[in-house]
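The data blocks that follow each hold one structure.
Next, two complexes with subunit A in common: one pairs it with subunit B, the other with subunit C.
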Partner chain A sequence: MSQSRENKTILQLERVSRFYRTRGNVFRGGGRLVVALNEINLSLRAGEIFGLVGESGSGKTTCGRLIVRLEEADQGCITLNGEDITHLKGKKLRDYRRQVQMVFQDPYQSLNPQVTIADSVAEPLITNKVGSPLDHMERVLKVLNTAGLSPAEDYVYRFPHQLSGGQRQRVAIARAIILEPSLLVADEPTSMLDASYSAQIFEILQGVRDKMGATIMFITHSMASARYLCDRIGVIYRGHLVEQGPAEQVINAPRHPYTKALIDATPKFGRAAEVPTYGTLLAAERPATTSAGCPFFRRCALAERLLCAGTYPPWHQVGPGQVALCHLLEDAAPAVNSG
Partner chain B sequence: MQQATIKDLKAKRRALWRQRFMENWRVFMHNPLGRIGISLLIMFGLMAVCSYIPPMIDPMYHPMTGVDPKVVSSVGPSWQHWLGTDFMGRDIFSQLLAGARVAFLVGVSAAFMSVVLGTAVGMTAGYMGRFTDTALMRLADMIMVLPTLLVVLMLAALFGQLSIWMIVLMIALFRWPGVSRIIRAQTLSLKQRPFIDAARVSGASHLRIIFRHIMPNVLPLAFLYMTFRVTSAIVIEAGLAFLGFGDPGTVSWGMMLQWVWKTGHMFQAPYWLLPPGICISLITLSFYMLGRAMDEVLDPRLRDETQAG
Partner chain C sequence: MALLTVENLGIGYQTAKGLLKAVDGVNFTLEPGHSLGLVGESGCGKTTIGMALMGLLPPNGRITEGRIILDGLEISAMSEDELRKVRWNKVSMIFQAAMNALNPVKRISAQMAEAIQVHRPEVDDHQAMERVEGLFNLVGLPLERLYDFPHQYSGGMKQRAIIAMALALNPKLVIADEPTTALDVIVQDQILKETKELQRQFNIGIIFISHDISIVADVCHQIGVMYAGQLVESGPAEEVFFNSQHPYTQALVRSFPTLAGPKTKLAPIPGEPPNLTGTIPGCRFCDRCPKDTASCKLDHPQWRQVGPGHHVLCDHC
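Now for the complex of A and B:
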């Protein structure tokens, strides 16, 4: 795929953690700490589509929200083009958001029901004071066409409830790309849509990458769509990144038991879906004795009790550009740099 | 862009708003309450407008100062005075028309002020949260538990006669907390909606989020509450006037009732007692019906949106 593209790192996450404190009772306390992200290391290369894959609740959305700075990381450091953006505030944050945009999971919720499509899409232009109102309309029409809503003239003066889910998601994409950001976070943009729409949305995202040169972080729970769209894939499990590498490799030769389980769960054509290829997922969770061990220990069929329950696994280099976080890869060389 | 495209777009925009208005209007008029309410209000509106006519025909029809020289005490309906005259020979019908004007003035302006204040406070408290929220809402609680009529009565007793604008201002100042509670609750839930996050990612400032994204979503509710506030403002003003604390320079329906009572015509002059009494009941009823019908317009749409999510 785009391995030949320039390999400049655009976005880097270094040991980024995010905790949520669930609310305790009146008497202060009882508040439990939920680790949504645990020391995530990631780097996105300019011009690639990076897939962040994981099951529901694994922290994918949290990761995206940290990147667009809707939330702040509790630990670690996020850099864009070498500049630390972890704790940006005020004007600098606003400038940063010109470069980094997000498409949200639910197109039924991410557009204001009382604002017309034209105004929604033009909003980034207005808040960033780019061009005149007439200019805005021209750019709105153009970007709507790019996002596959044509003729755009027919859609600009409608309210969101007058559009279908797929059309709304195109509007959301149009709004996200109108400033031509260098990084686009797409948070499960198709999970609320019919399958027929998904392919179209994927095509638009690909176009955004190819024509605008944007880097895309594509968040999904489906290995199938990650395979279709992504150059590289990172697999995340309960806030822990467990495997990362080129899409082809990760899907054809997964090394981490959780990645294997995800691929088992992907429906395949022409194959009996009931027979898992890898069978690495435990039917029933086993009780964990400590919290120090492998994050996947409770559901891993391959786990070795002594080793896996007690110590956090190290990163292993398991292929060209592919790393995995598991004890049972002792054959492979330990990775020096996990990012 | 081409001139033709721009024109076309402008037409589309007009069509969108027209369509939105027509849709709401249809739902509103479908409701019998809405139809009755609107008809009654149009009638009262006409009365208010027509209140300027009688004094122009003859100065003796002036509701406050016009006295029919041939009349020395209250008389019943006649060709000269359709509803009769009061104790000093003033025309009751023209007083009734002037009362409609005052009712609209007091009701709408007091309601408007209290709703603007309540909406602003509610949105600020809900959006800012934390200390601001707590402070504003405690203040609202304190004002809300005060019985408006009683407090205004005491103030009137303290400061002597209050002008009609002072009364309007008082009503507005005492009646915003209810509105602000509703708007705050709505703002709190809107704040959690993903489109607010989307606006933030688009670079919107807090002010822009409040005015461009939250306000359009709470305005219909605020407008609804305004109709109910109109009702309560009219009733409070009438109560004050009846108890003798109204603005002596204006002829309101409450004032007319006070004159009936003070001059001892309660049971002697039904032609004098009934019209203002009926008008007060009908105008509050019609604003109430208007509100209920509007509720129906807003409700399905609110339901629609939550279902879509």
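Now for the complex of A and C:
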């Protein structure tokens, strides 16, 4: 896998937070505040595939939605190529969306069942008034081929129900890349598919990066997929980024207890001997004492000190380009933040 | 004696385009307390086999040939009334996405007690509740959550409740159809470990249906790989996984990313499985196979033994 060609930062998230308020009721007024993302610092380099890994509810999808601006961050700042896009509106937002596209998790829901594949894929061209209707079809065919649906002529007049899940997801990718975005957010594009189709989707995403030069944020819960596809990985737990670094390094030498727990939980394929077992996940959650402590305190088997319960952990530099958010890394040098 | 014997099983669905042979010529046996993993992509017939074992084929589906013998009883020849006595008592099923099948307006404990009393009318309410409490302890659900509604449970807890329900009447065989697909990696890992432990403890036979060969290889004693309605390779899990012979199994294993070992290029399987209406004269994997020769398309491939208990349906292995 080629490293990113240049180290230019394309996307930057600085202390980005997002809160949701649960629905209140008549007697208690407004609902509880839920922190979906807590002061996330991230930067994506041009031409890389960045994996955001975490379990459901960890905020990884929210992070993707903030980047494509389906939602707006409550705090912090998101920049694309140095331009602040956190609160873009109107025409500027439309222009922004031409550069940043998203592939959604479920291809059974993301395609309109009443519209042919050709029309579905050409829709971004029409809404953005790109090209003439005459060359739309040409572009659709080209992009379907790129997305691995060939011969593309066989697919253009079909409807989504005539395609398998894997083919639908490829249509969804075609639709996302037809405007040649510089950044693609792929939200668990393989989790609804048969495992045997994932390899195809990975290959297409690599092609999109290599041939179109797009940067990709790949959101997943599978460490094994992230290892295969990504240059760098960020691990997110309940809205807190806890570890970040080069993919190979994070998986072979994880330092945060949660990263270790994720690796423990991955099926080892009979290769258990080659991957150490870390045992960092507590069997039963311990009660939280305060909300100020480490986000992973309640499930961390290593945490026992007052320190973990009482104060928010600092960032530590644990390897070249690898940082982890944990109190128990005294051997490592402190780092400013993850971004 | 084998707990379950499936002989030359064929299952067809009557469709507008003719009979669709979802399962064709499948043979396997399962010893008591053992687990068999059926792997394959969607549409390969693995869920259909599971449904047939429960006698729950949809109205347009029927067993066209072969026999299913569970614990000496021929399931495939039973009437609906007889089946009802076998179901849940001897064989139970964890359905796909079953966590969404819990009744949203009934408390978990009431649903479990109902499952028990429907199949064992002699059990009174008090005994049923005692059994439910026992099951809660068994699968690691806290007793204070007995009277919760399903929406108050997390995904993993719902799945545990479903597993508890499947074990309610001490069945000899449990069919688990993609039991962890909707769950997170960490919860999935916990549930798989617990399932393995329960199986050992109660000597239950398990048929584990999944599209994810890595999970099946982790959990099961035996693996059966299915393709387009046929079993194409079967044998001990380690053998099938590390010494796979059928080109489809090899492709399946190669198409998965792993955490360890060299980071080899994944090889996606090109193409799509064949349409199963009508007859297919030769090998079904032919169109996607790297090893195919002209003769593959003409004749049915034959089963051959490639190791102890390890069989392959391919003429070129």
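The definition used in the following text is that the second predicted complex is superposed on the first by the 325 of 339 C-alpha atoms of A that agree within 3 Å, B and C clash if a C-alpha of one lies under 4 Å from a C-alpha of the other, contacts with A are read in each partner's own complex, and residues count from 1 in each chain.
Here is the rule we go by: a contact is a pair of C-beta atoms (placed from the backbone, for glycine too) under 8 Å apart; a residue touches a chain by one contact, two chains touch by 3 or more.
Just so it is clear, the model here is predicted, and its values are computed rather than measured.
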- request: Answer with clash or fit: subunit B and subunit C placed together on subunit A by superposition.
  value: fit
Message: Per the contact definition in the header, classify A:245: touching subunit B only (first), subunit C only (second), both, or neither.
response: neither
- prompt: Now for A:153: first (subunit B), second (subunit C), both, or neither, which partner does it touch?
  reply: first
Task: Using the touch definition from the top, say if A:111 reaches subunit B (first), subunit C (second), both or neither.
output: first
- prompt: Given the touch rule stated above, what does A:228 touch, subunit B (first), subunit C (second), both, or neither?
  reply: second
- request: Name the contact category of A:195: first (subunit B only), second (subunit C only), both, or neither.
  value: second
Message: One more residue to check, A:137. First (subunit B), second (subunit C), both or neither?
response: first
Message: With both complexes overlaid on chain A, does A:267 touch subunit B (first), subunit C (second), both or neither?
response: second
Task: Look across subunit B and subunit C in the superposition and give the shortest C-alpha distance you find, in Å.
output: 12
Statement: Contacts from subunit A onto subunit C in the complex sit at residues 1, 55-56, 164-165, 167, 194-200, 202-203, 221-225, 227-229, 248, 251, 261-271, 274-275, 281
- prompt: Given the complex with subunit A, which residues does subunit C contribute to the contact?
  reply: 41-42, 155, 184-190, 211-215, 217-218, 237-238, 241-242, 251-252, 255-261, 263, 266-269, 272
- line: In their shared complex, subunit A is touched by residues of subunit B numbered 1, 5-6, 8-9, 12-13, 15-16, 20, 193-195, 197-205, 208, 212-213, 216-217, 304-305, 308-309
Query: For subunit A, which residues are in contact with subunit B within the complex?
result: 65, 68, 70, 94, 97-98, 101-102, 104-106, 108-116, 118, 123-124, 127-128, 134, 137-138, 141, 153-154, 156-159, 161, 172, 175-176
